[in-house]
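Presented sequentially are two complexes of subunit A, the first with subunit B as partner and the second with subunit C.
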Partner chain A sequence: MSENFELLRYITIGQYLPRSSPVHRLDPAVKLLAVTALVLTVAFLYSYVGTALMLLLILGLVALAGVPVGFALSGLRPALWFVAALLVLELLFSPGTGLTGGETLLSWGFLHVTAGSLHLTLVSGLRLVEFLLLMSAFTLTTRTSDVTRAVERVLSPLAALRLPTREFALVLTIALRFVPTFALEMEKLMKAQASRGGGLTRASRWNLLQQARARVPLVVPLFLMALRRAEDLVAAMESRCYVPGRPRTMYRRYRLRPADFAALALVLAVCAALLWAPFPA
Partner chain B sequence: MSLTTRKIVVAAVLAAVSILLGFTRLGYIPVPTVVGSATIMGIPVYIGAVLEGPLVGAVIGLIFGLSSFLGATVPAFKDPLVAVLPRILIGITPYLAYIAVRRWREVYAFGLAGLVGSLSNTVFVVGMIIWRGYYSFEQMLTVIPQAVAEAVLSVVLTVAVCAAWKRIQVGRGRSRISQGR
Partner chain C sequence: MFSVEHLTFRYDDGTLALDDVSLEVPRGSYAVLLGANGSGKSTLARHLNGLLRPTSGRVLSSGLPTDDPRNVLPIRARVGMVFQNPDNQIVATTVADDVAFGLENLGLPADEIERRVDWALEVTGLLAERERPPHMLSGGQKQRLAIAGAVAMRQEALILDEATSSLDSAGRREVRELVQDLHRGGVTVLAVTHRMEEALDADRVFVLSHGRVALQGRPREVFAQAGELRRLNLAVPDVAAVSAALHAARPAISGRCLTSQELLEELHRALPAPSSAHPAKAAPPLEDRPCLSAPPVAEVRSLAHTYLRRTPLEHIGLRHADLTVREGAAVAIVGPTGSGKSTVMQHLNGILRPDEGQVRVVGVDLAAPRPNLRRVRLKVGMLFQNPEDQLFEQLVGDDVAYGPFQAGWPLDKVREHVRWAMQVLGLDFEALKDRPVFSLSGGEKRRVALAGVLALRPDLLVLDEPTAGLDPRTAQDLLAAFARLRAEGVALVFVTHNLDEVLAVADEIVILQDGRTMGRFATEELLRSPEVLERHGFDVPALLELQRGLRGLGYDVAARRPSDLAAALLEALEQEDAAGGAAGWARR
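Take a look at the complex of A and B:
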């Protein structure tokens, strides 16, 4: 059977490498803010020089965190051919207007490579690597429970605007907690279907109708199972007197140290510098 | 809009399904177009909007957008304005469609919600892609077959899940024990 039942392998959320690097020791909320700033900077940086500098910076961060670079990039391995093919397609078929304008470098029939499309493709490829490294550096140095608390603490100023930030952080916590559980349930469903002669193996890859029909008996039970678990969880929470919006205390307290402020200030300064520096386009 | 435990938990659970579909093969149906596949990760958003309201829909949409943004291999989706912002809206439009039609036949309301949600997803995201300059309007026309496939799937799955769920809620005279979990 050629079908891959091991869905859990693809769920790398929540992996934590217990080390004792400077990055591990930083406050999780500070790390979250820093990562957000870096991610947004990567998303809006467009020049060759800026993107390359950012890559060096991120590689330095990954090394500082004690995370092996190969491990951090391992999430890319299954998708590598797909990504490469997509980038090549984008390179060849871009419209030649807007972002992808500029002088035409190569031309062959209706395929053309412009300076603009080359730029977009290279920067997109680099961005992908940078995102992956950043996310890996963050998740591998921060425990999942710390991450969700960090989200809550970072969003807490918004609570002054009567926005339900703690409840949103709770939504994230519960969602992340359930992803591996549902992955296991999904494996069970897929194996049950396959053992009865149905399932994704029987649907030929490019036949849309077969693919769609194969998914229906997998996806509908997944939803219903999820909703049933939701019912159970609601009952459990309410029976333990959980009331949304009421003040709650937490077991773990976080204290910010000078190193945290310094690290955050440094990251923000670097991001600002990279975004506003007049690099050649 | 009251914030109940149920809304929080349903939002979380459907967001988890969306994340799961996004990171495994299940969520993607291979279609030979520019962006590669028809997706079903939006469907938890539409179902959440129908079952628990626009706030829940918007929250699931936001988390769907974030997981799409963070996990995307397609360069256009590495832009938060393309991946995240439109997805918040696709949690609201199905709710509007649902409440508009549910007076007549609730099943049709489910279907319309799925359809509207899927079309909103396509229109808003593609609109953002074009507006941000990643592809042109002509190139985006190639996603029409994929958009149609997604719309059909959304209708079928939204109706299937919501109808099954609501009937379980109303009860068919069977105790939970006999449903055999």
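Take a look at the complex of A and C:
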């Protein structure tokens, strides 16, 4: 029986690694804009060369931030088999037309691996790794409080359109604030179940109904507790004079430094260069 | 500050929570609201800052009626509230931001907020934690953070709704001292609690029962009514109980002492110097007692454990722990939050596996590569602190039967065990088996959770803070159930913050600090050397303080309960009378 109850091991969102790297010191709003630009670039790059260059660039950023690459990727572990299966399906079943067409490399009955589908699979896999590295590099170097305020600042022009940007930021803050709390809660429930003999008669791995049934005693109490916490939180917020929609002031002030502008300009320039460079497909 | 006039409140489902309550809390006072679980005390507290509005009657808070919606914000700006669960009242992701939350809501400018945040963090001693994420704070720090939010708003009154009930003794002391400071600074305090010692700080006490004010007055007046308090599922503080018992037999001794110091001064005045030493009956040598010589059910040797190993977040849970639990014995593990108590407990039924050292439970070596976990899980029952974490099924009967079903027992065996487990804990099988779990009260939930553990008929019960959050009477019932289980041969290991409970239940006490076993003592030993506790940073329970003082007066008594202490002292006095010293000195 191999059991692991340490859920925090797999949750990198909402966890902050205190270091004093140049990436840590950047203004959070600048980081948010830069990460957005990089994510979009990753999504639009399709060539091997472009994607590979991007991976190098991102690995450079992660190293600059002082985040261990393995830890930044640990969010991938629980989903690893799922992702692998998806990539294999993509490799075997991509329609042999358009971008994914090209020379057939392998053929086995109705299954074909073409140069196109191989390309697509490799690039998709790399993209996934790049997305994950970018998100981890951002959240691990930026305190969650700064993340939410960055969102608020980046969105603030929209407040002029009467969109509830501050409420949105508060919702995000609370969501992030409770991520570790719920992970710990889930951990406790799993431990309690195991300690009462849960899993002694194991649900068969392939019997989906049994598998689902074994999850119900986890999910139901988790929801009930979430509701109770939400009730408490509302009482606590109201007690502290919170009224939805009422204007609030902001405690933290940010001042952009020249280094912030330079970093943003640099990232945007690199993204533009990668997107417009005539890499061979 | 607060004025409640004929307040009646019904919840939407029609339950009557408060029934014609009237009370006055003057500005600058320190009031305590006592009551058993479900007596309506939290509901009343929530009326005082307008979170709830009266069904009928009137509540004035800081002179403003709470039923006028326009008053709600001004009232909340003046009256702060701290809730029981520290986790559920923290909004922001850093300490400073959380203190600022209320100020942002009031619309203060940024530099004013900054000044006040710094000041509030300084007052509450949290300046060093300014930029830390709140989930990394200790329980005591979290509650001080909640109080800092109120301090920053310069509030006139502070309502504490069982704010210390989930804290260890160090955390409770931190919060209590902070609240006393604020009170001296002019803040009106209203504390909701069922910890009697906390009521001693107050200048007035209100006792609530079934939504009505049953008793009120100064702490001394209220605690003199021991019988009435017991009837209301409350207990008197240990010293008051001893004082009252002595007074009943020897009217010359005051029955109204509340602190050990008061009672000792009173006894110094009233007792004759003993004509001879009064040694307590010698305790049998420790080795002779079965609980300390029986074969062990669980043995922990040099255990170390690291959480989140090989991640940047790894931290040490245990460095070097030793523990032996013998068949039928009760062992208490005490230590501050973060000392590794839960980590040790979770090794005892194989939830955690040893990184280093040995753990041998019910004959299974848990450090072996593939131990028989099935045997461990079936033979070692574990009760977690929060019963909500271990009630998974919708109906009580199903939940209690969860373990036996997982064990794959036949239906009639399951049924028989479920019935037995519920019966031992005083739960009515027929009446409760089809009740939805969520409709149970806190005390019932705890007992149902324990029944679910017992249904597997374990040899060893591992209990994490079994009585936390229960009112004294419900806690007493649970302790009585433990005594019945021990009579059936079940061994107990329990973690607790409550040293009075250790004295009442445990044969042996293990002190953990910073992941190490700092000492193992037979409880009898502690009765005569409470210094051990002091040396490890614990507050000496009033009962032991009293015995230490009595030894100073020449009366060597050793007792684990207030009633035993009074009886032992009275017996010594009888001997004194018989010896003819000051013949019949204190009888009238």
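Definition applied: the second predicted complex is superposed on the first by the 248 of 281 C-alpha atoms of A that agree within 3 Å, B and C clash if a C-alpha of one lies under 4 Å from a C-alpha of the other, contacts with A are read in each partner's own complex, and residues count from 1 in each chain.
In this section, a residue touches a chain if its C-beta (ideal position, glycine included) is under 8 Å from a C-beta of that chain, and two chains touch if they have at least 3 such contacts.
In this text the structure is predicted, and so the values were computed from the model without any measurement.
Colleague: Which of the two partners, first being subunit B and second being subunit C, lies in contact with A:T148: first, second, both, or neither?
Modeller: second
Colleague: Using the superposition on chain A described above, determine whether A:A265 touches subunit B (first), subunit C (second), both, or neither.
Modeller: In the superposition, A:A265 touches no partner, neither subunit B nor subunit C.
Colleague: After lining up the shared chain so the two structures overlap, which partner does A:Y16 touch, if you call subunit B first and subunit C second: first, second, both or neither?
Modeller: After superposition on chain A, A:Y16 lies in contact with subunit C alone.
Colleague: Counting only touches as set out at the top, which of subunit B and subunit C does A:L176 meet: first, second, both, neither?
Modeller: both
Colleague: Who does A:L40 touch here: subunit B (first), subunit C (second), both, or neither?
Modeller: After superposition on chain A, A:L40 lies in contact with subunit B alone.
Colleague: Which partner chains sit in contact with A:Y242 here, subunit B, subunit C, both or neither? Use first/second/both/neither.
Modeller: Both subunit B and subunit C are touched by A:Y242.
Colleague: So in the superposed three-chain picture, is A:A273 touching just subunit B, just subunit C, both, or none of them (first/second/both/neither)?
Modeller: It touches nothing on subunit B or subunit C.
Colleague: So in the superposed three-chain picture, is A:L224 touching just subunit B, just subunit C, both, or none of them (first/second/both/neither)?
Modeller: Touch status of A:L224: both partners.
Colleague: Just subunit B (first), just subunit C (second), both, or neither: which does A:L233 touch?
Modeller: Both: A:L233 reaches subunit B and subunit C.
Colleague: Please write out, lowest number first, the residues of subunit A touched by both subunit B and subunit C across the two complexes.
Modeller: The answer is residues 170, 173-174, 176-177, 200, 218, 220, 224, 228-229, 233, 237-238, 242-243 of subunit A.
Colleague: In the complex formed with subunit A, which residues of subunit B make contact?
Modeller: Those in contact with subunit A are residues 3-6, 8-17, 19-21, 23-26, 29-32, 34, 36, 38, 40, 43-44, 47, 51, 59, 63, 70, 73-75, 78-80, 132-136, 138-139, 149, 152-153, 156-157, 160-161, 164-165, 168, 181.
Colleague: Which subunit C residues qualify as touching subunit A in the complex?
Modeller: 46, 49, 51, 73, 76-77, 80-81, 83, 85, 87-94, 96-97, 100-110, 113-114, 117, 131, 133-135, 146, 149, 153, 307-308, 311-313, 346, 349, 351-352, 373-374, 377-378, 380-382, 384, 386, 388-394, 402-404, 406-408, 438, 452-453, 456
Colleague: Where on subunit A does subunit C make contact in their complex?
Modeller: Contact set of subunit A toward subunit C: 1, 3, 5-6, 8-9, 15-17, 68, 71, 74, 143-145, 148, 170, 173-174, 176-177, 180-181, 185, 188-189, 191-201, 217-218, 220-221, 224-225, 228-229, 232-233, 235-243, 246-253.
Colleague: Going by the contact rule set out above, which residues of subunit A touch subunit B in the complex?
Modeller: Listed in rising order, the residues are 4, 7, 10-11, 13, 40, 43, 79, 82-83, 86-87, 89-90, 93-95, 97-100, 120-121, 124-125, 127-128, 131, 135, 164, 167-168, 170-179, 182-183, 186, 200, 205-206, 208, 211-212, 215-216, 218-220, 222-224, 226-230, 233-234, 237-238, 242-245.
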